[in-house]
Each structure stands twice: as C-alpha cells, then as structure tokens.
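Two complexes follow with chain A in common, the first pairing it with chain B and the second with chain C.
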Partner chain A sequence: MSVFSSRKSHPWNDTEGDTEPGGSPRLALLFLAPALLLLLVFVAYPTVYSIGRSLFDARGTGFVGLGNYATALTDSRTLVALRNTVIWVVVAPTLVTSVGLVLAVLTERVRWAAAFRLVVFMPLAISLVASGIIFRLVYDEDPDRGLVNAVLVAGHDLVAPSSPYPGVRPRDGALVELPGGGLGSVGQVGAQDVLAVPLTGFAPDALPAQAAPAVTPGAGTGLRGLVWLDAGAGAGGVPGRVDGGERGMPGVTVEVLAGDQVVTTTTTGDDGRFTVPDLAPGSYTVRLPATNFAEPFRGLTWLGPALITPVIISAWLWIMAGFAMTLIAAGLAAIPRDALEAARVDGATEWQVFRRVTVPLLSPVLLVVFVTLVINVLKVFDLVFVIAPGSAQEDANVLALQIWQVAFGPGGGDQGIGSALAVLLFLLVLPAMVFNIRRFRRDRS
Partner chain B sequence: MPKHPAVACAACAAVVLLMVAGCAGGGEGGAADGDLSGQTIEVAAVWSDQEQVAFEKVLDAFERKTGATVTYTSAGDELPTVLATRLAGGAPPDVAVIAQPNLVKTLAKEGALVPLSQETARLVEADFAPSWRDLGTYDGRLYGVAFKAANKSIMWYDADTLGPDFRPPLQWDDFVDVLRNRADVGETPLAVGGADGWTLTDWFENVYLQTAGPQMYDDLAAHRIPWTHPSVRTALQKLNEVLRPEFIPGGIASALQTEFTGSVVKVFGDRPSAAFVYEADFVAAAINKSTSAVVGEDAKLFPFPQIGDQDSVVGGGDTAVVFSNKPAASALVEFLASAEAASVWVEQGGFISPNEQVQLSDYPDAISRSIAEELKGARTLRFDMSDLMPTALGGTKGDGFWKAMQDHLADPAAVDEILAALEAKAATVYAAG
Partner chain C sequence: MTSVVGAEHRGREGSAEPVRSRRAPQRRPPLAPRIVHRLGGPMLRVGLGLVAVFWLMPVFGLLAASLRPESSNAASGWWTVLTAPAELTLANYAELLADDGLVRSIWNTLLIAVPSTVLVVVIGSLAAYALAWVEFPGRDWIMIGVVALLVVPVQVALIPVARLLGAIGLYGSIVGVVMFHVAFGLPFAVFLLRNFFAGIPRDLLEAARMDGGREWRIFWKVVLPIGQPAIASLAIFQFLWVWNDLLVALVFADQSSAPITVALRGQLRQFGSNIDVLASGAFLSMLVPLVVFFSFQRYFVQSVLAGSTK
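Moving on, here comes the complex of A and B:
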C-alpha cells in the first residue's frame, strides 16, 4: 500500500526517473501481457458485460433499454438500500478514521504499544460473517444473552427499581387505559361508591407474603374499593369474581381525580382494600398510575428497524478501527519529529500540536485511509446480511445486499435488474476511485 | 463494488465452458436395475446434518441396487438460488429435491426439467394421492415425485411445563382459553418465531384454510382473489386472538426478534419461558439439535386447533426432479418414488412419506406415526401457500408475504395499508409472470 511511503520516497520513483524511455515496445508488451490479460478477463470484460446485461430483461434475451434502471429506482427497497448506503458512506468512514487516528496517536505514547495495536488490529483477522454473528449476540434483545442489554438492564435496575406488579393488566373491561398513562375507572364514581378492580396477568405465587385473602368492602362511608389478583380460570375460579383463595394486592397506589386534578392518593392494604373516607360529594375518576405495573426494563431493541443501521456500523467500527489505526500509525512514524518538537518549544499545548501540526502533516494518509474505507463501505454486505434479523433486514438493506438479493437471491433471480444496481453502485464508487487515481498521479509527479 | 457480481458472471462463463465439455458424454438409455455401474450423478437438496446422513443412506441403497455412483450436494435453504445460478451457468445437478412446488412448475415451464418416464408415472399414479401427484405435474406431464412430506399443522408443547393433567385443546376457542388462563396467572404461554417471516405465514395459512375454506385458499394462492379480500382480514382477526402481546414472552417486539430455532428453545430449552410453539414436524429436529428435551417424552404435540368444523392440514413436500438425460438420474427419481426408498429413511425417524404403500406401523416412534396419521387422515390437505407463490412474493426475507405478516404482527391496526401494499406487490409479481 502506498500509504507507508506517501510522504517521503516512492519505490517506483527511484527507478523511473533514471530509466530511458523507449526500448522495445514489443518487449514492453510482452511484460505487460500477463497483467493486461488478467485485467481484461477479471475487470474489463465483467464490467462491460454487466453494463450490457443491465439493458436486458430477467432471461437475458429481451432488450429493455433503461427499463431495469427505472424498475430498480422506483422500488422502495432500492430506495431504502440507497438511503442506508448514503448513511454508511457519510458516517462510517469518518467515524473509523477518527477513531483510528485517536488510537494511533494514543498508542504512540504508551508502553507495550505493539501489543496494544495487535489487540486492536485482531478483529480484522476474523471473517466478517463470524464478526457479524458475534455482534448479533452482543446486541441480542434478551438481556440473558445480549451483552449490551445485560449492562443496560443492570445499570437501570440500580437507578430505578422495577414496579411491584410488572405486566399486570385489568380483567377485560374493568378499567380503561387513560390517555396520560395508567388505568382509570370506567366512567365517574361518586364519593360513597364501592369499586371492584380485578387485575390479572400476574403469578399468585409472586404476590408479597403479607397479601391477605381479598374481601369485598362492606358497609361504610367514603369511596371504597378492592384491588385483587383475579387469577380466574387459570387458578380454578371465575374471571371477574372474588373467588375463594384469591388474594388482594397490597401496596398498589390509587389516585382519586376530580377532572384532571389529583384530589387524594392512597395505597391498598394487605387484603387489597382501599378507602377514601372524607371526600366531598361529586364525581371522580379513580386512577391506578402506570408506575404500579410498569414492565421491568428489558433493554433496547437494538436489532429492530430503528437502530439496526447504527448497530451494524458499530460492528464495522470494531472490525476496521485496527486497519485505520495501523495505517495512520505508520504515517505517524514518518512525520518529522522536529516539526512537533519545534511546536512544543514554541509553547504549543499537546492539543494544539495534535490539531495544528500532526493532523495536517498526516492529512495525505488520512485521506487515503478515508477513501479506502469509503470504497470498502460501499460493498458492505456480510455484516448486514448476518446481523439484521429477517424482520429488520429490509430496514438495514444496503446496495450490495440488494444487488445480491435481486440477482441471485430467492427473490426471483433477475440478473438484469441486479446488473443495473451493480452499475449504479459502480457509478457511486467512481468518484472515490477517480480521486485515488488522481492522488497516485500527483504523488508520482 | 461492481466487481462482485461481475466476477460471478465471469465464473458463469467458465462454468458454461465446463458444461459444454461435460455434455458431450451424455446419452439416452433405459433404466434397469444393476446396469448403471460406472455412471455418476449429482443430487442437490436442502438437507444437512442428520437429515443428510439419513438421505445418504437412501442414496446408498440406490447405489447398491444399481451400481451407479451418486454424489450429494447440500445446498441448504439457498437451494433455489443455487439451482438458478447453476442453470444460468448451464450446469445444473442431475437431480434436485425441491421444497417449493412453484419452483418445480417454473422450471418445468422453462423447459429445464426432463419429464419422468411412463413407468415412474404409473408408479406414482398407483401409490400417491392426487394432491401429491399434482405437486410434480405441469401441463399434464409428470416432472417430479414427492419424496418427503411435511405436516405444517402441529402445535408442540412442553409436557413438563403443562403437567400431567393437561389435555390438548383441539378447538381454537379452547386453545385461546388455555392461553388466556395461563396468561392470567402471569405466564407467557406461546412462543412465536416472528423474526423468520415463514413461521408467521404458516400461522396465517392454517387459520385461513379453516376460516375461508380450501376453495378460497386455492384462489388466494393463485391470486385469483386479491389480498384485500375480506376473507383475509377475517383470518387475520382470528389469528390475532392468539398472537396477543400478553401471551408471548417479551411481547410482540421480542417475538419479532426471535427466530424459529429461538422460539423452539423458548419452550424446550433449559429455562423455558413459554409452553407452546406452533410449526411443522421439523420442530422435532430443532428440539434434538438445540435442546436437551426428548421428543415424545418432554416434547409432545397436538394438531393445529380446529376452527369451526374444518378438518384440514397444511402440508409441504420435497419434490425430486430430473435435470439431465442420464439414465441413472431418472432411475434415481423412480427409486425415490418407491416405498423401498422411503422406508430406508422412515426407519431412521424424522421422515414422513407421502407414499401410500408406507404403513403407519412402519414409523419407528409414536410422534412420527401421529404426524403421518394426521397428514394422511386429513379431509382437506393444502400445500403451504407461500411455497405455491412465486418466490419474489412468498419466499423473500423482508419482502412480500413474509414481511406483510411481520408488519401485521407488529401493528395489527395498520391492516389496511399492509394488505394494500401486499396486494400491490402481488399484482406486480403476477404481472411479471
């Protein structure tokens, strides 16, 4: 790779300058022939063939002109793939180059730099499919398996303990979901009413030990009610009725609302009963706030439609950071020390040295790394294929994967449209390639 | 990078050359036992691991009988892709065993398949039910033989979780009650592998076959009625009685992240979080491979619950087809049609034969016997609808039918948009032919 020599000398420069131009053209051709042949067979012919193939239909017999391009570009899947590819190109190479730069600069200062770099570089030696499977597990939604969610859940539970009755729901029609969260009584209740609140969806064994058998409130004054665990037929009872053996739910917060205002708050006793004795006559709503029933925090759905692309980019970062770091570290080694020393002597802070001296001197290397990564990112395939579960694959789609799915996948195997997409991808890579070629030329001159 | 498909094209070109060279040696000839020595044929199918071992024993029996040499290529679930690519390159395997009836028809239509001999046709006529014969028939000619049958109307359950008093609910409403009762005491009884779209299409097909009836099922599979038809909505509503968030471990979001194998592990793994999982007979293979549960002891099954008075089974089948003119190839398919070939695999378990000469008593264990019995005894047998559709619609990850069922699971309220989008996709696919 030319990066190692981008600033100082070029291996080819040493010889090229002295050699007489000319010599036998036939001899030159002979030497060029093997490379030329390989280029023709493996690069030129397939490129031309793909462009030609993109103008024909699925069977390869009917000429459709630009029809395949129209079909491809009006397909919503292609547009999603295109959007994701743009996200990848904008985010991933910048991120990887930056992280690589930071790692390279930092590792220059530490002891055991070689060992450290080796560790960071190691993921590059793992196949992309294997890395994909690793990250599929790391981001698994189940906190018992997925590392990230396990950490999140552990952290969350330290800060905010879970609710007393997670997942509990009212027996059909007993309560209504309130717009602001929580469960509310159906209609208004008076100050002397008795309210029965059957809740279900919770294991009777998991009730607190002090929970006593549920008793419907008897005669008395005030707004009274019973919140009990209505295990229903699952425990041999009748849904919606207080059966023998069913227990109240202690410690449930109950709010009484007049309009939108909370008038009073109370908590159910061991037998599940609550009483609000001195309530002014009027009509109220009884609310059980959502905090009573909030499901325990289970982490984030990393592999769902919303987060899938950032997640895959993070996996790619893990793999490619070592690559960027190694190339940048090599470039760093070639920077003239005296420039840095001069800056330090002149009183520049380390940040200023980094920002004003190191980075500008490194910029040719950074550019090469960046452009190489851009080209690399445009063909990302395996990671997306492996990490995204079937239900999120469409949301994670990128062009290279779309090409494969259209041309060879079970989606019908239309190599005409596949070729059209490949040409499209080729056009996207072209600027990066032209840039690289120009740079090589400039370096040579 | 454009390199990638382009290189594949170059590879295709190379394959074409090889194939032209290889074809020179082909020839016609009759197939009789014992006179095929020296011939080598290649068979491609989806089976790997234990199933591959079992199928290779069937091939061994053929080799012993005829003297031909058979090499087996396991293409996994990518078999349609592998076949399409190798056909494009002009070098298909001699025989392939294909799970998608639609693919068999497409290949026959394109002229890629060699019709089977009269002799094989007579054998199939005698030993197979008409619905199985139809699988391999195109335009009145027999192109394929159903070799392995699948029963996709099975509810599996964990006997340990449900206890000795559990009696399988045979009616849909009873099944819903069982789920509700268990959910009421804080359990999440039903595992759903929604990350794979095909598990959800299988759910839908079972419900639709019962709520709409076989005639409508055929119409929908062939796109004679649109996906926006009210019957589709009715079936989805019925399905939603069971696919409720409170019945499923972790709710809907978790179901959409759970793959088929994951859903089996949720029921039969070391720390079960559910009691029931629906799928086909091949759940048994997943149990054996991924859990320590024993099929028949810990893992038991009952037929997909009946809705109303319909008695129906959604089935599937792997159909053996011939691509080359080699006598050994057609002889192999003829052999696969026989009860003799089927019994080799039947003895090893995990295999249901559509061949009527195979007796229920031949099956080695109660589980496979009951699966076979359900399949043979069903009044109405229909094939997996997604396999009857063009793969672009019924077999693509993240698209078409699979995606629609996932979207519907995620947001049942958006049923109108989902069905309209699916119908639009179906219209395009069928218009393209």
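Moving on, here comes the complex of A and C:
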C-alpha cells in the first residue's frame, strides 16, 4: 500500500472539527502554561528584543538609530549575501516546485510510484551537514574525486581525446613558441634537412610503453626529424643531444608549413622519428601543434566563486524535490477524476488536460508548496556553510549565514549589526507569515 | 483565489492558443504534447528509473568513499570500488569510533535530541488539547499567534537567547540547546496536534465527560491514545529536526556538549585530505535518521506534509 497516496484514513486535514467548548479556563491555562512560557521567552520576546537591539551599537550601550542598517546595507559582504538571497528566492522555489510537479504527475502512471517517491523523499531525513558533505564530494574539482567532473572529463575525452604530452616544452633554443600556440622550428628548413627536436618537462615514466630508444635519422631523402624526450641532460647527458637511454616520443603530430599553409602532416613513430619524403624543394617551417601539449581538460571549478550558488541550489533541489513532489502528489490524488474524464471526453489531449484542468485545480497546493519553499530558502544556512569552501564562502554567502558570521563567526561579534540583519530576515519572512495566517483563518471559517 | 504559480504557468503557455482549439485537433500537435504522449510507455519508466539512480548516487558515493582507505580516496574516485571491491574496509569507522571526541559528540546528539523530542511532545500535546477542546477567552488569538510563530527564523532569536542563557549560566550547556529546540519546536507541535485533536469525534469526549472524567483523565485516556498517529509524526519530525540541526548547536553548545553535526563541521576545513573521516562521520550521522526514516516513513511523511511551513 502506498503511504503517499491517500490521507483519507486520518483526520489530518480536518483543521476544524466541531470543537465543543468544555472544561474550565483555569485548567486550560494550566495545560497551556509551559508552552506559552517557552514560546514567549524563547521565540516572541527575542523577536521583539532583536528589533530593539538592532538600534544599538556593537557593545549594546550606544544608541545608533538606523545606523546598523545603513552600515549593513553598504557593506559589500552583506550586499553579496543579499544578492544571493534574492537569487535563491527567485530561482530555487520555482525550480523545486516545477520538478516536484513533473515528478508527481509522472509517478502517477507507474506502479512503483511509492518506492520511487520514498527514494526522492529520503534526503529530507538526513542532515544538511551530511547532504553538504555529500555534494562537496560530488562537485569536487579533482576528477579523481568529484563525480561530476569525472563524468565531464570522460565525456570530453570521448569527443576530443586529451593530448598525449601535457606540459611539454622544448629544450632551450631548439624550438620557438608560435604566436598561435604550438612549437615551431627556429627559422626555415629545407626539404632534405634533418631536424632535431629535443623536448623536456615530461616524466620519462609517463612515456607510452611502445616508446623506443631515440635514433637520429640517418641518410635518406626527404625532410626527416627526431622528436625525443631529452631527459638525460640531468644525469650526465648533454642537452640537445641524443644520449643513451633517451627515448623517442611516439605519436606526436608534426606539421610542415609553407608560409601559413600546412603542406603536410605526419606523426612520429615509436622511436620518435618522422619523415616527409616527397617535399618539393623550398623552405618550410616545422610545427608541433599545441594539441600535442595541451593541459588535459580537468572539468569545471564547481566550488569556485562563479558556480558556487548554482551548485548549492542544485543540492537543495536534491533535498527538497521530494517534499514538493509528495505534497503535490497528495493534491493530485484529491482532484476529482470526473473533471479529468469530462475534459478527455471533450476530446482534450493529455497535455491540455494537464494545462487546463490539473494545474488550475492544483494551484492552491502549488502555492502552499511554493510559499513553504520560500520560507525554507530564506533560512538556508547549513548547506551554504558546508558546501562552499572557505575561499568561496563569501561568494556563496546568504543573509541567514551572514547573520551568524557577523554576530558569532570568527572576527565577528557585532550583535548590533547582527540584530539588524536578523530583523531584515524577519521582514522577508513576514509576507509568508501573513499568508499562513490568512490561510489558517480561511480554513477555519 | 489567484495563484502565483498557476498564473505563471498560464503565462508561459501564452494565451494565443485558446481552449476552443480542443474540439478541432490540430494537424500537427505542438512539441510538448507529443513528448508527454510518448512518455506514457517504457520511456517514462526508464526516465524515472534514471531519476531514482540520480537521487541515490550521491549517497552511495558517500558510503563507498567512507569504506575506502584514505590512500585510495586520494588516488581515485569512489566509483572505482565497482571494479575493485576488495579494497573496501571498515577501518575508517573503527578509527572514528576509537576517537573519544567523536563518540562524545554522538552521545551529545542523543542527549539533545531525545529530551527535546519528549518535552515537545508532552508540552505540545497539553497545549494542543487545551486549544482544541477547552473554551476560554483569547483561544483563537493564541492559535493565530502559534501560526505566526511557525515561520520565525531561528536566526532572529540567536542573539537574544544567547544573552539570556548566558545570564542564567546555561550558555554552552546541553540544557540550553534543548530549551531552545523545545521552544522552536512548539509552534509546529501545537499546530499539528491541535488540528488532529480537533478532529476527534466529539461523542468520545462527551462520553468520557459523562462518565465523570476530569480533564486530565480525558486527556490521558481518550485524547492521547487517539492522537497517537499525530504524536508519532510529531515525535519523529522533531527528533530528526533536532538530530540534524547545526546552527543552534553551533551557537549554544560549547565543545563538551557539541553534537555530531558540529564535530563534522570542525573537520571541513581540511576537506580533501580527510575524506575518510568526513565520509564515515557523515554516514554515521545519517545512520540514525535513515533507520528512523525507513522504519517510520509514513509518520515522517505525514508530519512534513502537515507542517509545510517549517
């Protein structure tokens, strides 16, 4: 049985039973007293206190009026936090409500909907700290650790294989860096020349297994050359000369250019040699294109300043989508089948039924989901705190986190500005509070 | 009632295509309907299956990373366990559980979460009963106050309560953290329980009153047993809420009373070199919530749905 499908068996939604008055006011007071006391002391009074406290300076002795608000609203850190909070409020609840709606509608048609919804709902049960650590791992920059970058790199390498010799550079004076990238021969070479191309900056161990000992091209015809790893220089060898034990670099692309035109392209063999036999007499430039040496693609810096907020929102989506989906699914289950059937009989397509009947009938539920998500978004603290590395925390900052930073964080301790920010947050929540009260009163009447 | 979300949906579709087109099917239906139509079959199931995998993958990754030695985590991704399952080990967990500080933080988590839950249930159900079944002046206003307090962000109370707890010498202690959690759990508790209690058939209470039952007896013998599903939902919700809290403990708990979330947060600075500690610690912290969730999912889901405000 699906636990998600129906709520008929419980009087959950019965916000107003016909409560018959009874009992005595004195007893009611006794039953209510502990709750009221705690609510007054820890929730209501602090809210009022914060408003007063926000008008005083850091030590709480000097009255500064709205000075704290002015200070806060001109502080660049706070402005970034406010900007991000706006981004969150605009993007996240809409995104999660939409995803929840889509999943709720789609799961209506499969038999294992309950199991699916359980899986998507599960993140709500675990802490935001644990979720944060999970997503810090998912988005880790190192493709050997972060799943997203690993997938990106694998995909990228499939489309554009990575270069065989990243980071390689020429032995001093042997080649020149070309303006368009890549390495070029110094000066012009003739069609029958022999070119030595000693390269360094690459670990000999990392050479491909088939790399054979380097051999200087002997007598022959055509433009010949040797591309080898001139690694022996440090161990008694001579820079720029082929010493014993040095190996050729197989698979290096070599281009021969006449002026700006590529005349021919070849690849070095296992021993590092290349030959271009039938070149017309003339003078050429030899180029090893940059693709040979490009640093490999390592994915994106997800946790850097630019992408950090979208990344955290995606983690929040992972957590909250189950909430939206489940609430909307409950709303869907309550839609009278007759309305849908009538539309279908009228010849409406499934899509039209969805847009013209389902969504309008669902709109009260969607609104509740949306408002609840907005409230949740405004309070987002742990996720930002955990996912954003120290270096990107300022870029990921949100109002709820900034309050803690200012009042309790390292180097903080300004309770005046902290209170001002808390009041600001309270003001942002206020419309949702009004919405809830109105909904509550309407439900009762 | 005008709905923001509904209006937005209508707006995006554009009003150029009025409802009257419904009787005359277009020769070439627009893209979206065709997609929806196609989704009906196996594609839908495959798609949803992928979504489920997508949702489980991050948790699975954390579990896998927590079962690999740090040297492996430094060298390759957790997904390599799929080809080299032999390297899996419980050593990270053994090391973690040998660390007094971490074990202490797990105890602290329990010491905070259990009393917070019990107190919220007791205090909340008493108040909810009074609000549902006892008539007294100002009852409706108290209820509206409760609804208003539902959305007050924890951040608003941090500074004043820190001062308050400091004044009575409870700043840094578990008791202070518990008091804060109970207070902030109460609006939801009262809201949820009152709604449920109000739905109890009046006859049952009347009968108990006719039998000469005092209020306390009615509460104990009639309301609490009938309210069990709601109380279970509330208890599970509150327990998980407190178990998972970081912010309140970060502000009000000192080092000796810090729960596991705070302990984990302290490890974050070295992220990258201590994935063994972080992954196993995080998974350890998730264990209790996951067990509670899968054992009592119905109640937890109900509480989240009933709340939809917190």
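Everything below uses one rule, namely that the second predicted complex is superposed on the first by the 283 of 445 C-alpha atoms of A that agree within 3 Å, B and C clash if a C-alpha of one lies under 4 Å from a C-alpha of the other, contacts with A are read in each partner's own complex, and residues count from 1 in each chain.
Note that a contact is a pair of C-beta atoms (placed from the backbone, for glycine too) under 8 Å apart; a residue touches a chain by one contact, two chains touch by 3 or more.
Only a predicted model underlies this, so the values are computations on that prediction, with no experimental measurement involved.
Student: Please work out whether A:Arg169 is in contact with chain B alone, chain C alone, both, or neither, and reply first, second, both or neither.
Tutor: It touches chain B, and chain C stays clear.
Student: Chain A residues in contact: does chain B have more, or chain C?
Tutor: Of the two chains, more chain A residues are contacted by C.
Student: Contacts for A:Leu378 in the overlay, against chain B (first) and chain C (second): which applies, first, second, both or neither?
Tutor: Both partners, chain B and chain C.
Student: With the two complexes superposed on chain A, say which partner A:Val41 touches: chain B (first), chain C (second), both, or neither.
Tutor: Both partners, chain B and chain C.
Student: Which partner chains sit in contact with A:Ser419 here, chain B, chain C, both or neither? Use first/second/both/neither.
Tutor: both
Student: So, A:Gln352: does it touch chain B (first), chain C (second), both, or neither?
Tutor: Only chain C is touched by A:Gln352; chain B is not.
Student: Who does A:Phe202 touch here: chain B (first), chain C (second), both, or neither?
Tutor: Only chain B; A:Phe202 stays clear of chain C.
Student: Figure out whether A:Ile403 sits in contact with chain B (first) or chain C (second), or with both, or with neither.
Tutor: In the superposed model, A:Ile403 contacts both chain B and chain C.
Student: A:Pro239 in the overlay: touching chain B, chain C, both, or neither? Say first, second, both or neither.
Tutor: first
Student: Quick check for you: in the superposed arrangement, does A:Gly390 touch first (chain B), second (chain C), both or neither?
Tutor: In the superposition, A:Gly390 touches chain B and chain C alike.
Student: Once the two structures are superposed, pull the chain A residues common to the chain B and chain C interfaces.
Tutor: Chain A residues touching both partners: 41-43, 45-47, 49-50, 53, 140, 142, 144, 375, 378-379, 381, 389-390, 400, 403-404, 407-408, 415, 418-419, 422-423, 425-426, 429.
Student: Considering the complex alone, what residue numbers of chain A touch chain B?
Tutor: It comes out as residues 41-43, 45-47, 49-50, 53, 58, 77, 140-142, 144, 167, 169, 200-204, 206, 230-235, 239, 298, 301, 303-304, 375, 378-379, 381, 389-395, 397, 400, 403-405, 407-413, 415, 418-419, 422-423, 425-426, 429.
Student: If you look only at chain A, which of its residues touch chain C in the complex?
Tutor: 3-4, 7, 10-12, 14-25, 27-29, 31-32, 34-36, 38-39, 41-47, 49-50, 53, 94, 97, 103, 106-107, 109-110, 116, 118-130, 133-138, 140, 142-147, 150, 318, 323, 326-327, 330, 346-352, 354-356, 359-360, 362-364, 366-370, 372, 375, 378-379, 381-382, 385-386, 389-390, 400, 403-404, 407-408, 415, 418-419, 422-423, 425-426, 429, 432-433, 436-437, 440-441
Student: Which of the residues in chain B end up touching chain A in this complex?
Tutor: So the residues of chain B in touch with chain A come to 1-10, 78, 80-81, 84-85, 88, 177, 180-187, 194-197, 246, 250, 253-254, 256-257, 259, 271, 390-392, 395-399, 402-403, 406, 410, 429, 432.
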